[in-house]
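Both of the next two complexes hold chain A, though its partner changes from chain B to chain C.
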Partner chain A sequence: MSSITTPNGFSVDNSGRRMVVDPVTRIEGHLRVEVNLDANNTIQNAVSSGTMWRGLEVILRGRDPRDAWAFTERICGVCTGVHALTSVRAVEDALGIKIPANANTIRNLMLATQWAQDHLIHFYHLHALDWVDVVSALKADPKATSALAQSISPWPNSSPGYFRDVQTRLKKFVESGQLGPFMNGYWGNAAYLLPPVANLMAVSHYLEALDFQREIIKIHTVFGGKNPHPNWLVGGMACAINLDGPLAAGAPVNIVQLNLVSSIVDRTIAFIDQVYIPDLKAIASFYKGWQYGQGLSGRNVLAYGEFPVHANDWSDGNLMMPRGAIVNGKISEVLPVDLRDPNQVQEFVDHSWYKYPNEAIGLHPWSGITDPDFRLGAKTVGTKTHIRQLDEAAKYSFIKAPRWRGHAMEVGPLSRFTVGYAKGMPEFKEPVDKLLKDLGLPFEALFTTLGRTAARGLEASWAAHAMRTFHDQLMANLRAGDLATASTAKWEPSTWPAEAKGVGQVEAPRGALGHWVHIKSGKIESYQAVVPTTWNGSPRDPAGNIGPFEAALLNTPLADGTQPLEILRTLHSFDPCLACSTHVMAPDGGELVRVQAL
Partner chain B sequence: MPAETHTFYEVMRAQGTSRRSFLKFCSLTAAALGLEPFYAARIAEAMETKPRIPVLWMHGLECTCCSESFIRSGHPLAKDVILKMISLDYDDTLMASAGYQAEAILDEIPKKYPGQYILAVEGNPPLNEDGMFCIVGGRPFVNKLKEVASNAMAVIAWGACASWGCVQSARPNPTAATPIDKVITDKPIIKVPGCPPIAEVMTGVITYVVTFGRLPELDARGRPLMFYGQRIHDKCYRRPHFDAGQFVEAWDDQGAREGYCLYKMGCRGPTTYNACSTTRWNGGVSFPIQAGHGCIGCSEEYFWDNGPFYQRLSPIAAGFGVEATADEVGGAVAAVAGAGVVAHAAGSIVKHVYGKKRSGTNARSGPDEGDRP
Partner chain C sequence: MTRSAVVVGIGNILWADEGFGVRAVEALNEGWDPGPDVHLVDGGTQGLGLLPVVEDAGLLVILDAVDFGLVPGVLMVATDDEVPRYLTAKKLSLHQTSFQDVLALAQLSGHAPARMVLIGVQPQDLETYGGGLSPAVAARIGEATDHARAHLADAGFSLMPRNTGSDVEPLGPVAVAMPLYERDTVSPDISETAP
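For the complex of A and B:
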């Protein structure tokens, strides 16, 4: 090929200079990206390759479905807990288990906590260095930095002395000659647009956020015993509640723990609304002219919906975050999504390191096949164990290509907000409109790298306030005398049907996440996960549609053709999680999972 | 940017530690190491002339929960570890650079600091498919791992993945995910197991090495005794209920609400060596048993295959209540594991205390070393 137009409407040309970024850092897991640059260092072709594979789903075969949450939780330790929650929901769905109201509320609270904490860490520690030049912060006037900070937020750590102290420490750190994580960064690159004062403010908050994030997740510790990887339970939550009597102090949840949670909720709201959001707006104001990275956003987006108000009710009207799909940019029409429908979610592998008997078709996860096939294309440059350049005409990733009714789809905070906006829900529409108005940007500007990053911030704020709602709900239910946290009626396998199938869904911080389980004779017969980064990091499909990462990188100019700064910026706007996205393999290389629909 | 490298002392000073506090720190270090006061000056001299210890933190097959746990540390704060104690020169989760600018660091640091840097490993290498189930820079992770290890002073195996193999090595271990001590065989390795390890245990290990200039005492399986010397059950606040025969019989029953023992719900506390019941998690807020769920034994080898998690370990007869089986006392104290390994801070002056013969420890060969199920 030289130049072609993909069925999903992108012009791709691989004739220019190839640039390889491997590893892509500040993500979870292992990702490689290759791009072709034209004479102006503008990206004309992009190839996204997941380069790790662990085989979690095959390891689950034959195990107790009540244990599956713990295995799947270890798919990812960054968005910790989300796979566990998806798993218990899938098993409960299969076995017809209803959970108590408190368990639903506690799960909602834990998930909202995860969103708030994960988005905060992503913004400051995984993404900020794409926008913030640390070295430039050394040139800032602390007084002017203080004036800037105080003009945008009431956050108390904002005196000239505070910023001077941070700057002095940073200066000494840089002068030590040991730059640690800042070594070989792209400092001074022309794509960095913030003035020194904004850089110093952001670096200060990078450090503050690193300190604060560990507070937020203590909510997981109260209800799940630890973080990362809190404990969950099929049928509810194991954290029994005791508010009275001589042994309450030794109970998992008592008034002291509930007060701790409440205090953390308040502090989380304050930090996100007074530090994260003002920083986001300040940074965006300097980058609003950098309008790249649209990709599939605003065109093909998918959300499963989240936060059931009442337990065990997955109908659209009961979900605080909406469910739906938008295709071909028709924002006016939100299509219904059904994870059980064999014609909706399907995975393809003709460009993935797996094989199907017929790779022209996609398979629904309940009838999925995962059979490894690590083969490099004829035009690969290098050897099997030293790949210099991938051949995207062949198989090139451990990520499968999921499609919704045949469409490559973007998932994540921006997709969720887009669906909410399209449905006219004020809690999503109003903050988006306000942000755009404050920045003086048109609606279309939402569908960019910057918009993706901004939506994540707005969602962090939404989540922090939702945490307050959930804590209040929990307290109200306890006040009404309901202490129940777990349903045990169907705990014993003897109460289960001989065979059952279930699906669990969660909106993870990074987007729509689904687990499909098939239980037979009390054991897991098959297990499939289709995760956010499988959607966003998807390779090409048989029709030639490119995935969201690949589409978003196109047409972006690099300020310096030797430095991948803008590539990282757009990739990070998706918050990639590779350990999540890569699939299973067979123990002996043979065919692995083939399940006929019941 | 200056190429000059500043010393540990200079960095401490720059970060606000006074000269007086620094000298006091050196005296305490000497005392803690059992050295004569004379050595305080030698430690101070060493710290005044040595750079912060470079740490290269590599990721194999993993889920990044170890990194996430590390940044949860409350004392010391992860920020202070990174800015003051070590020089975290490579960590693909946090580092600014990517691609070849990142990979260059893995070449440069071992050349610049041969035998003087710590390799920290999160995750493990898969060996099937010529190692290509984990590819970094177009090459098998295992190759890069071995290269970087070859010049390291010591290796830290973070978490269950690097230490034992963890979830991807659970039956049938489709990628042949392999603990790092099977591929790095000529370096001292500190295993810090857990899925993940407790944050303060992770920073505690680093602080110990940097401060005392030696590896902590390890048990026969390479774990720091100070954190993995006792079973969770030994110090569990619910232990009196176990001894009294008061058990949770079903989720959310009255016993669950009153904090009874979770043994019958499958708790692995009696066979799990870790500091959860003492150090607790996330600033001491709670730990799994306190939050009502049994321990799943995540710091033990093969814990994934010792399930189902909710199946109790064995029928309770007399109970193995009060130390029915005493811990075995093994002679294989960690001394052998890392003899001669000395961190930069105090330099070789503390070397002689490291390999000092110890007696009467509660090190053990480990009842949990048992057969793979």
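For the complex of A and C:
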């Protein structure tokens, strides 16, 4: 090929110079991206490949369904809680287990906490360095930085002395040569647009966010017994509650701990609204002209819905974060989503390193197959152990290609906010409109890399305030005398049907996550997980539709044709997590980033 | 000066020998009572999530599978400044980069552990998804925990052996603790298809 138009409407041309970024850094897991650049260093073709295989589905077969969560939370380091929650929901759905009101509220609170924490970490520690030049921060005037910080937020850590201290620490750190997370940055690249003062402010908040994230996760320790790897339970939550009980290891959660949670909730709201959101706006104001990375956003988006108000009710009206799909850019119409319908969510593998008996068709996860088949296309450059260039006409990724009614779909905070906006829900529409107005940007600007990053910030604020709602709900219910946190009525396998199927859904921080389980004679017969990065990092499908990462990279110019800074910026805006979507098989990485021009 | 110590096992138990660190800290917990000042942590592959665990530790003991290009099962011990260098000597899995970042960030934010010890094993098999430890690696768990205890003792933390038959609070769910996990393990053979 040289130039073609894909069925989902993208013009793709692979005739230009090929650039390989492998692995993409500052993400979980292994992702490889190849792009073709034209003479102006603008991306005309993009190929996203998960280079690791993950066989969770295979190792869960035959296990006790009540234990599945403990395995699923190990498939990824940063997504532990969301996989555990999805898994217990899938098993409860299959077996018809109803959870008590407190368990629902505690799960909502823990998930909202996870959103706030993940979004915060993502913005400051994984994504900010795509916009913020750390080295430039060393040149900033602390006094001017202080003036900038005080002009945008009442946050107290904003004196000239404070920023001078941070600058001194940063300088020492950089001079020590132990750059750690700042290694391999493209410092000085012309695509960095912030003045030194904004860079210093952002780096200071990078450090503050680091301190704060350790506070916020204490909520998981309270309700999950420990962290990392809190405890989850089919039928509810593993924590007993006794408001007046003693504070002791192993004792039920008491009022002292619940008050600690409440104070963390308040501090989360303050940090997000007074630091994260003002930083986001300040940074965005310098990048307003960088309108790239639309991809499928605003066109094909999917949200499973989340945060049931009442326990055990997954109907549309009971979900605080709405469910729905938008296709072909018709924002006026939110389509209903049913994860059980065999014609809606389907996974294809004709471009993935798996095999199906018939690869022209997609399989619903309840009939899913995970059978690896590592084969390279005829036009691959290199060998199986050292691929120099992938052949995207053939199989090229360990990520399957999930489709919703045949459409490639983007998932994540921007998709969730788009569905909420399209439904006219003020809690999503108003903050979006306000942000756009404050920045002087049109509605379409929402559907960009910058918009994806902004939506995550708005959602972090939404989640922080939701944490307050959930904590208040929990306290009210406990004070009314309802202390139940778990139902054990159907704990024993003797109470289960001989065969049952269930689906568990969670809107994970990075997007829609589903586990489909089939239980037979008390054991797991089959298990399939379709994770957010499977949706976003999807390869092509039999019809030739490209996936969200691929679409979002198209038409982006690189300021420096040898540095993939803009590629990282757009990929990071999705908060990719490849550890979940694929699994290890790649040979030793050796170098951190290999950028090859062929 | 050293008020508390942390022993953290890192790695992914679902990837064969990648699980060594977690299995070793489990074994330490099985056999020894850590007392109030020593924290035994199953760190898994949590990246930045481990920052609160390591910060301000008087002594941080890291148990991990690290590729030194040696014979499988060889144990090695690194201390203090050597630790970050060893962790990146030859990157073989994802968590090592992020754990090195965790240590760097702890330093940047002024909360670096006062002292560090890395006890690493040379893995044999990192590719069998759902697999357990290979025999050469599993055989070194006892020795690795001996090293950990010796370093703890040097820093003033002497662990007492648990009484036989006493109830041990496990570090994590028993379904994924070593005995049950390895008993029920079924792994697909995909070694032929590795890129």
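Some notes on this structure:
Here is the rule we use: the second predicted complex is superposed on the first by the 571 of 598 C-alpha atoms of A that agree within 3 Å, B and C clash if a C-alpha of one lies under 4 Å from a C-alpha of the other, contacts with A are read in each partner's own complex, and residues count from 1 in each chain.
In this text, a contact is a pair of C-beta atoms (placed from the backbone, for glycine too) under 8 Å apart; a residue touches a chain by one contact, two chains touch by 3 or more.
As the structure is a prediction and not an experimental result, all values here were calculated from the model.
Following the overlay on chain A, a clash is recorded for the pair chain B and chain C.
After overlaying the two complexes on the shared chain, residue contacts for A:C239 are found with chain B alone; chain C is out of touch. By the document's definition of touching, neither partner reaches A:G481: not chain B, not chain C.
Annotation for chain A, partner touching more residues between chain B and chain C: B.
By the touch criterion defined above, A:D64 lies against chain B and chain C together after alignment on the C-alpha atoms of chain A. Applying the stated contact rule after C-alpha superposition, one finds that A:V134 touches chain B and leaves chain C untouched.
In the superposition on chain A, A:G424 makes contact with neither chain B nor chain C.
When the shared chain is aligned, chain B and chain C each come close enough to touch A:R169.
By the touch criterion stated above, A:L210 is placed in contact with chain B and with chain C alike.
Of the two partner chains placed around the shared chain by superposition, neither chain B nor chain C is touched by A:P442.
Contact with chain C, but none with chain B, is seen for A:D373 once the two complexes are overlaid on the shared chain.
Residues 28-30, 51, 53-56, 58-59, 63-64, 67, 70-71, 74-78, 80, 121, 125, 169, 173, 178-181, 207, 210-211, 213-214, 217, 227-229, 231, 250, 372, 374, 384-385, 387, 579, 584-587 of chain A lie in contact with chain B in one complex and with chain C in the other.
Across the complex, chain C meets chain A through its residues 12-15, 41-53, 55, 67, 84, 90-95, 97-98, 100-101, 103-105, 107-110, 126-127, 129-130, 169, 172-173, 175-176, 184-188, 190, 193-195.
The residues of chain A lying in touch with chain B in their complex are 20-30, 32, 51-56, 58-59, 63-64, 66-67, 70-71, 74-78, 80, 121, 125-126, 129, 134-135, 168-169, 172-186, 207, 210-211, 213-214, 217-218, 220-231, 233, 235-242, 245, 247, 250-253, 257, 260, 372, 374, 382, 384-388, 398, 483-486, 488, 491, 563-564, 568, 579, 584-587. For chain A in complex with chain C, the touching residues are 28-30, 51, 53-56, 58-59, 61-64, 67, 70-71, 74-78, 80, 121, 125, 169-170, 173, 178-181, 207, 210-211, 213-214, 217, 227-229, 231, 250, 353, 372-374, 384-385, 387, 579, 583-590, 592.
Against chain A, in their complex, chain B makes its touches with residues 1-6, 10-11, 14-16, 51-52, 54, 59, 61-69, 71-74, 77-79, 82-83, 86-89, 91-105, 126, 129-141, 143, 166-168, 170-175, 177, 195-196, 198-199, 237-238, 250-252, 256-259, 276, 281-283, 285-293, 296, 298, 304, 307-310.
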